[in-house]
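What follows is a set of structures to go through.
What follows is subunit A paired twice: with subunit B in the first complex and subunit C in the second.
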Partner chain A sequence: MWARAWRLGLRALVGGRRGFTCKADTKGSGRITAEVIEHLERLALVDFGSQEAVARLEKAIAFADRLRAVDTDGVEPMESVLEDRCLYLRSDHVIEGNCAEELLQNSHRVVEEYFVAPPGNISLPKLDEQEPFSHG
Partner chain B sequence: MAAPMLRLCCPGRRWALACIDGCSRHRRGAPNGCTSSRKRGQSSVAQQPFITAQKPRKGEHEWAAVVGLEIHAQISSKSKLFSGSQVHFAAPPNSLVSFFDASLPGTLPVLNRRCVEAAVMTGLALNCRINKKSLFDRKHYFYADLPAGYQITQQRLPIAVNGSLVYSFCAGKNRSQVINKTARVKQIQLEQDSGKSLHDDLRSQTLIDLNRAGVGLLEVVLEPDMSCGEEAATAVRELQLILQALGTSQANMADYEIQRQINELENGGEILNETRSFDSKLGCTIPMRDKEGKQDYRFMPEPNLPPLLLYDTESLPAGADPQQVIDIDRIREQLPELPSVTREKLVQQYGMLPEHSFTLLNEVGLLEFFQNVMKETRAEPKKVTSWVLNTLLGFLKQQNLAVSESPVTPSALAELLNLLDRKAISSSAAKQVFEELWRNEGKTPAQIVSEKKLELMQDQEALEQLCHAVMEGHPQVVMDVKKGNPRAINKLIGLVRKVTLSRADPTVIKEILEKKLAS
Partner chain C sequence: MLGRTLREVSAALKQGHITPTELCQKCLSIIKKTKFLNAYITVSEEVALKQAEESEKRYKKGHSLGDLDGIPIAVKDNFSTSGIETTCASNMLRGYVPPYNATVVQKLLDQGALLMGKTNLDEFAMGALGSDTGGSTRNPAAHCGLVGLKPSYGLVSRHGLIPLVNSMDVPGILTRCVDDAAIVLGVLAGHDPKDSTTIQDPVKPFVLPSLTDVSKLCIGIPKEYLTPELSSEVRSLWSKAANLFESEGAKVIEVSLPHTSYSIVCYHVLCTSEVASNMARFDGLEYGHRCDIDVSTEAMYAATRREGFNDVVRGRILSGNFFLLKENYENYFVKAQKVRRLIANDFVTVFNSGVDVLLTPTTLSEAVPYTEFIKEDNRTRSAQDDIFTQAANMAGLPAVSVPMALSNQGLPIGLQFIGRAFCDQELLTIARWFEKQVQFPVIQLQELMDDCSSVFENEKLASVSLKQ
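Let's look at the complex of A and B:
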């Protein structure tokens, strides 16, 4: 209920104002739209349960944005801190597996050595599918 | 490198291997009717058609369908791409799964050298530029058969780019016109396969088997250079043969998708650039239900893997552990013979027609059969080709048998062709012998010939006497021949053949008759 209330609150806040996504240009208000939050929650299954959390996210983005102050023209981006390491190549031999019993113990439900999952992905309810916020 | 690197082992027939992209990957609710994703033995290819035209009006335009393809081929290796569990298609569920494959916390990916070699071989065979540095990324989406919640792939910088796939299209009335076409290979990348989902609609649940999770895949992306389903199918077939020669398997493709899109365009509809899944049961493609619109995979560099560096003889670091470095030049030197080269050799060596070389290579095991027959027979290559492609293949197709299941062995056919070549039997007798051999009763061609008394008469004089006797006995027919009736001679030949109990060569009979008639 708290999460739902928050979402409606946020929507009211952002209301008619143009949303500001982290991909947009820097010097903005740093506000993140409800749509973006919803999108992130759906993609990553994280729960921005409070306005505080969203605010923290916005601060984190603003902090990272300070990187833009550095002129990186013509500099190769570093994709990995491991870039100087050697990627180890393993020989093609079978050395593991055969532990079905052990692995299946992790599963809540099991049917004849199969993991049991729901029939499909269970989507998060959409914003507009929420029940109306009850006052009080 | 001893054996070819890419290979799919399958009992009996060799099945196609390329899998559907997207079908089992990110299914938001299984399409109706689908029970298991990517059934083994299912050959299919994901299509990402790019239709580049504007809004149409019905009947106004000639649509040139433009098809791009993504093909996934399972790499033949003993163990998986990033773990040491076994790659095998038939095993108890979840028995070939390591802790890493099950995505248990604390596990890390360790790259399989053989998979890299396979990718380099394929890249070289497809004239690609091999990237000496390539990177691994994570592609995120949620589905029960992807325990980690992401797939390790190579999105930013794949192992091979900018290649070409040359394939030959047999066109013309008798498909005797051979046109060479090229499809550009955009890239080849290494990636993980996901597990297998078995949908139990009755109990509203999905059963997950992770045996396939983590198996190495080669994704080959072809640019939209093919203009119809048939061209695309031919290209994929050629890719299949190449992967097979290097070591992997084949794929078929329906051109249903092209036709569907043309129909839709002509009806004023819009084609969404979407991934469609091929529903093998329904035999048609269906859109993937994606309520969110475009999928966002949140690609990020795989933080646990440094860049993959490959070397050539020039850049090979001195004193490096050979186990830990991959030399592109060495792999190139050891590439097996590619199908196009094999075909060219057949044409050169045996004077074979190009389209025959295609047929020989298209059937699994047929080329080997042909070569084995050639080894043991003195008959002319053209004769052998004809018997293998027409007679043998005809019989096989009729009973839907693979070459490996042929009751007639190469030795038996060679022996039969030798008899024919020696003129010990006529060609019609040879056909009879072949049919007998097909019954597989363990008899040799020579035995069948003697049992059924199919030997050609060798006694020239006796044959001449018989011809003479027939001519005497049928003066009317002789008159017809002399009058110039072209069919009368065949009647005479027929009569002689009857008298000789079909043991005389019709060509020889004709010669003798013509000689006698002329005198």
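Let's look at the complex of A and C:
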């Protein structure tokens, strides 16, 4: 009984149904401005590194834009598949820990029991103060 | 011995036909011979031999810990292993030695398993072979002729699994046969106080009943999975499998999962967003790689992350951050969460209509040669290869890939069964029936190695290595 539906489905295929990975709509939208690039690099603390990376992001956005076609009126966002259950919470009893030495061992820069960071409150230089994409 | 099922090896160990040390050494020898495959990032030879010694003592006294005592296992390198380097195949974690074991690793060790080493993966499990977030247990299983099981989300602890997408990650199990997967699942499943996303329901041991009569089963064939990109060989095997069930009396019906075509896009947005958040912890301060720049905290973080992450990882972090920007949050992230609900609901509707299990392809085709594979970029590959597998991750459902047959090129092809949430036992029972029917040929490892050794002496293999 399913086989007949299968054959109909195959016929529809031959009729030129679109597959999942249609490349036509993955052109860049050109909306990644220098401002957005700078903003993202600052937020992510990861740099694009090349024009290709920017183009890849544009394609990723164009791909994500396909979601607009779905009607989600009245649909609640789903955060977890276990949303109907109560999250387990441990009781507030400290039974483990005291492993500072073990944890400090994994860091490159430690002074006594401190992880050492360089000075804070210094912003990353703005894009125009940096070199243009020279890596990648 | 190395081609046998878990139960067979376990029986041999109990009867003294082979000792854990001998088994361990055989394994280590094959690992050495196949080093060119770069399958292992770290081989924990000393640890394994010591564990083998202890297992041997237990067997001599007749006190074996169970079916897994003395059994060699390998663990993907994104699971924390105490005292053994855990890198996620990334520069970011080169040299990182966790001070604790992931819960699933601990459970296996408590049963006496021998840890042979940490296996390779795409950096932070973000390749097209995916993470057990999008199908990376089932996809490789299908390509390599193994059983790949993704249990229900919430059944197995993620504590110690370096997270990619918290709402979808599940530790996956790769074994030679369905029975073995059930044994391992039985050891791993259950509530973990250290992972509050594990369910608290008591978990029964996974003894699979023998299924002989499938006439009461209803198998669903999702019509949207019949795509133009599906290879004719896989399509034909899928059809054959459906016919097999029907001929044995099962009800086989076409069903619809209407939002299937949006699941890859939805996954792409949710995945990159959660990744952006999860990768934020890698700043070089407490663990992992740290660059030499000392000018400022931000400059140090930025350089550390540039040096530590590859292009794919950085690309996903940037995409994720884009979707999470205040002006984009509703239209991308929340929108994707809504679509996720629609996708999950599609499955609920189908299972509520009387379907017991869905039967689908696992992959579009047999494994593609490396030179072909690298022609497309990572996102395109993920989009293509995860098509059939990631919807189960979005809905949190159990899914298993079972090898069915060899392609015309002699490469394995597997099919996927998707079950109802927390009905992993039923799913595996049906999978085992199917496995028995199709009798997929067991690989003759020794013959293969003998054939290969002369070929590989002369060939230069392309490989992506952390330790270049």
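Going forward, the second predicted complex is superposed on the first by the 94 of 136 C-alpha atoms of A that agree within 3 Å, B and C clash if a C-alpha of one lies under 4 Å from a C-alpha of the other, contacts with A are read in each partner's own complex, and residues count from 1 in each chain.
Here is the rule we go by: contacts are C-beta pairs under 8 Å (C-beta built on N, C-alpha and C of every residue); 3 or more make two chains touch, one makes a residue touch a chain.
The structure presented is a predicted model; accordingly, all values stated were derived computationally and were not measured.
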Go through the superposed model and pick first if A:119 touches only subunit B, second if only subunit C, both, or neither.
both
Quick check on the superposed pair: does A:87 touch subunit B, subunit C, both, or neither? Answer first, second, both or neither.
both
By residue count, which of the two partners contacts subunit A more extensively, subunit B or subunit C?
C
Under the stated touch criterion, which partner chain does A:99 make contact with: subunit B (first), subunit C (second), both, or neither?
both
Footprint overlap on subunit A, comparing subunit B with subunit C
39, 43-45, 79-80, 82, 85, 87-90, 99, 103, 106, 109, 115, 117-121, 123
Touch list for subunit A against partner subunit C, complex:
1-3, 5-6, 9-10, 13, 17, 19-21, 36, 39-41, 43-49, 53, 56-57, 59-61, 63-64, 66-70, 72, 75-82, 85, 87-90, 99, 102-103, 105-109, 115, 117-124, 135-136
In the complex, subunit B touches subunit A at residues 27-30, 77-79, 83-86, 92-99, 102, 104, 110-116, 135, 140, 142-144, 156, 197-201, 204-210, 291-292, 296, 298, 301, 303-309, 323-324, 326
Subunit C - residues contacting subunit A, complex:
96-97, 99, 153-154, 167, 191, 193, 196-200, 221, 223, 226-229, 239, 242-243, 246, 252-254, 259, 261-262, 264-266, 268-269, 272, 276, 283-288, 290, 293-302, 305-306, 309, 311, 314-315, 317-319, 321-323, 325, 331-332, 334-342, 344, 377, 379-380, 383-384, 387, 394-396, 421
Going by the contact rule set out above, which residues of subunit A touch subunit B in the complex?
39, 42-45, 79-80, 82-100, 103-104, 106, 109, 111-121, 123
